[in-house]
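Think of it as A, B, C and D in the order they're written, each chain with its own count starting at 1.
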Amino acid sequence: MEVFLFGIAKDIVGKSTLDLSTLEVKPNSVKELILFLNDSYPGFTKLTSLAVAVNGEYAPQELHLNAKDEIAIIPPVSGG
Amino acid sequence: MEVFLFGIAKDIVGKSTLDLSTLEVKPNSVKELILFLNDSYPGFTKLTSLAVAVNGEYAPQELHLNAKDEIAIIPPVSGG
Amino acid sequence: MKKPIIEIVDAIDTAKVYEELSDAKSGGICVFVGTVRDFTNNETVVSLEFEAYKTMALKEMAKIIDQAAAKWPLNKVVMRHAVGVKKVQEAVVVIGVSTAHRDACFEACRFMIDTLKDTVPIWKKEMFKNKTVWVSAHP
Amino acid sequence: MKKPIIEIVDAIDTAKVYEELSDAKSGGICVFVGTVRDFTNNETVVSLEFEAYKTMALKEMAKIIDQAAAKWPLNKVVMRHAVGVKKVQEAVVVIGVSTAHRDACFEACRFMIDTLKDTVPIWKKEMFKNKTVWVSAHP
């Protein structure tokens, strides 16, 4: 279970991907993933917003995560 | 006293300038010029609007006309 | 505002307008290009022909830019209108503006094309297959 | 609507966008170009750096065009965003649309850039002389 990190999320974690497969308790949902991030890297709690994309789509908090999903952390976007 | 004609005004009069210096009673104001045009060329009465420019500026009806003025008939504009 | 570019030309080169509007103080550039459409009121348009009272048109174009500059903080402006016969897809007018923020460039660009159509002494004749029409001349 | 051009590129060529939007059914083309401004909050900007989650960004850009096409009758659309380091005056995004009438092209263009800034996963880092800031990251 690999998570892609972009923008400031990369700076907060200190790398561009995060491997969750070695965790004892893996997050089962988007909500659990966000809780894990906030607990493990307090920098996330200071952001204006935090979203998660699963398979290239913004994901609702209740979405269940599967091992083969492409997961990405989406800090506040600022294109344009 | 020469008057420039543009757009449909040129078609109504049949030429691109109109020499008023040979008229017995010359129009003294923008208002009189418009009355003269409407009387002499009824096509003008059918237009959506009719304006007169004197020395390159839209002119009010009461403006006095002088022999050296650059006068132009401005039918409804449609640039762009 | 830098000195605006105001021109009446025989043909419009749309490719160069960005270079003309590019500006270190601007975060946004908005450009409107008016082009010849192949249909009007369900009739096939062959071409448009534009005629201008050039000296006055340039003065009126400058007034529009002054009015816009009084409403919005503009950095650079280009206002260029074509005259003569224009075929389908050809550009007949280009209005572009660069501003610090995008709100102002959209609003100023829209104001300038709307006002140009109202006040600048330029006339458009639509050439159809079997007739020609001076646009807006009759109710 | 013809198939839109949706791209994430290393550098934007603003000169070609009109050719891409030119269309016989269109009387109006509106183009917005976002460019790098030399000052932000009174600090000198050296450059901006853009990063994209490319596959998702392209999908979100397509959604925006679909939403705009549902609101306005669009003929052609170009939506192109740059990634990497961009210096002052360089283009970072270009959004253009051609429509039959000018109302629709202005409104659709504005809607698309506004929505792009809200939803497309692209991130901008401001590089100042002595620090870098991820834009909008913090309240």
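Operating definition for what follows: a residue touches a chain if its C-beta (ideal position, glycine included) is under 8 Å from a C-beta of that chain, and two chains touch if they have at least 3 such contacts.
Here the structure is a predicted model, which means the values were calculated and not measured.
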- Treat each pair of touching chains as one step and give the shortest count from chain B to chain C. 1
- Query: Greatest Cα-centroid separation from chain D: which chain?
  - Reply: B
- Measure off the straight-line distance from the CA centroid of chain B to the CA centroid of chain D, and report it in whole Å. 48
- Averaged over CA atoms, how far is the centre of chain C from the centre of chain D? Could you give it in whole Å? 23
- Enumerate the residues of chain D that touch no fewer than two other chains. 34, 113
- Query: Mind giving me all the chain pairs that touch?
  - Reply: A-D, B-C, C-D
- Note on the structure: Within the complex, chain D is touched by chain C residues 14-16, 18-19, 22-39, 88-89, 91, 98, 100, 102, 105-106, 109-110, 113
- Task: Quick one: which bits of chain B touch chain C in the complex? Just the residue numbers, please.
- Result: 4, 6-8, 11, 46-48, 53, 56-58, 72, 74-80
- Query: What residues on chain C touch chain B, complex-wise?
  - Reply: 34, 50-53, 55-57, 59, 81, 92-93, 113, 116-125, 134-139
